[in-house]
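What follows is a short report on a single structure.
The chains carry the letters A, B, C, D and E, assigned in the order they are written, with residues numbered from 1 in each.
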């Protein structure tokens, strides 16, 4: 177990265990890092939890949120997003904010696939950003990459 | 009475005494903590009150807000949410933000039940987060847990 | 005239002189405080003005905003609310944020009554919060109190 | 030319030269101040520009924004408003935030008149707030003052 | 290669390589600056990335965001905008925030042209603001300048 730390924060509200997906990816791609899991009730708890992991020494964090379909849920999404971004602006840490919205699909199985694929893809992004520095994602700039759904590609 | 402190903040605007529900749960589950009550007029007063309790030494806070049905009420909800999240980002303290929206049900008795159950369930969450640390809610990650209404469970 | 200070901030945009109502209440209920008036153009000027009064030593502030009926006015309301809440989170000071929305009533006389009653009720709240500490509003927790309109009471 | 400084910030996006209107008013009403002009591309650049002028020593700033008619433009308006208010909360400086919305009128000439009158009226407000202190606008409290359009007056 | 630094931050989500356009412009117009590229997954990652480049010494940053068409995408746009503006308010650095919205046009080729032209025009703005100081854009104040589409000109 290394002395560097990366955090995985998920919720009990989520209907898919995205945290374990992200944890697995990060353990494989960042063998020198300790992967710290932290589960909180819902999306509005994510920014404070991320702050606590950063204060414990984590260099990067992935948050995995599940957002309900109502307008109030969307305002909660907005507040959570502002909070995570504020934290990244104050600390400069790499915070990858993953969300799945319950109304992205009517089909639970499709929703589950989106969640798993998105968690995996963004955990890979976090590993690349922590290991590869500024150039890690440069080859994909402007390539219309999507997470959880097929990429759409660049406009030629 | 212990020397550690946890705060319960509610409002005079609310139509159900959620603060007393949360206070009872916290006294039972956190016997080593002093439970500090604080009542303010409405939801926009919650973040400032939470700051004051944190400055008085509280390690965690539960806020219990009641949100009206109008669009302006929802903007107030958004502002309150941003404020509580900002506070958690600045202090790293555990702030569990509970809200009941007056338009969640047309039936006052159902609304009352939602409020009481949600206050109780989130007070239990706060106790677990304060006592159990990062692993406290881990067994429920991705389990589709709801507060105030029946849990929906994970997507299998 | 005492050495403690409480602030009253209102606007030239408002159509009712709520500041004088609040000033009268605070002078009566907080005889040991100097009541400092400050008038600014509109609601977006309130948070900066509140910051200036706090920097001058005020322990608490009441802001009295008048909000127009358009969607842009509501976004201004949201920005103002976030600003006042941010100030309360940064300073821990008691900031009671009163607003009247021009579209709360079609009847100007009713609107005037709402404004006067709300300013008075919230000035009383501010006085109680400054004098009575954490327990001041405790007896009214969850009682469905409204300001400017009749209280709706708790759900039994 | 005095050593005190007041800032005028406008945009290249605007369709009326409101900055020159404000500059003229401030030079006349604040002869002891140096009036510093600063032009940026659009409204989202205003808060950062205001921060730079405050860091250069300006005691007050007037920003003159022009807001497009689309929903995205209104979100930009909201973000700009939050930013300017945050700056006023952090610094306590007097920041008068003037905006004209392209959809306030279908008639370009009326829009131009609104913009010029509003810039002038708010530049006068800024001068009064800087010179007159807390009491400068007190006589107009609750008087239903508007800028750029006729005042509506108080509700009697 | 100079010791001064300017940052270009783009995303893998974007469907046009706006970062390379901006990089080219800045290298030409700011020969004394090192142009630092940084690619992140999406728009919500831009403010944290900008903070990191500023901490590395960059005096100015251009961010190039691509925004989806859904309401959730627009809330993400709002959160990103608030974050970049907060960063500019905290640091006083010049941050030029460029976005293209996927629903600006139904025609992919038009969208591509908008993106390229807007990236170029705003990179030019950034260069002018860094080199020319407060007066750089003054001749264009109130001239109805647009980026990515034809300018609309002032209202005469």
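In this section, a residue touches a chain if its C-beta (ideal position, glycine included) is under 8 Å from a C-beta of that chain, and two chains touch if they have at least 3 such contacts.
On a predicted model such as this, the values are computed, not experimentally measured, just so you know.
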Which neighbours does chain A have in common with chain B?
none
Which contact partners do chain A and chain E have in common?
none
Please report the smallest number of touch steps linking chain C to chain D.
1
What is the distance in Å between the mean C-alpha positions of chain D and chain E?
25
From the mean C-alpha coordinate of chain A to that of chain C, what's the distance rounded to whole Å?
40
Could you pull out the residues of chain D that touch at least 2 other chains?
78, 82, 86, 90
Looking at which chains touch which, would you call it a line, ring, star, complete or other?
ring
Can you list the chain D residues touching chain E in their complex?
10-20, 36-41, 44-45, 47-48, 50-52, 55, 71-72, 75-76, 78-80, 82-83, 86-87, 90, 108-109, 111-112
Applying the document's contact rule, which stretches of chain B touch chain A when the two form their complex?
67, 74, 77-78, 81-82, 84-86, 88-97, 101, 122, 125, 129, 134-138, 140-147, 152-155
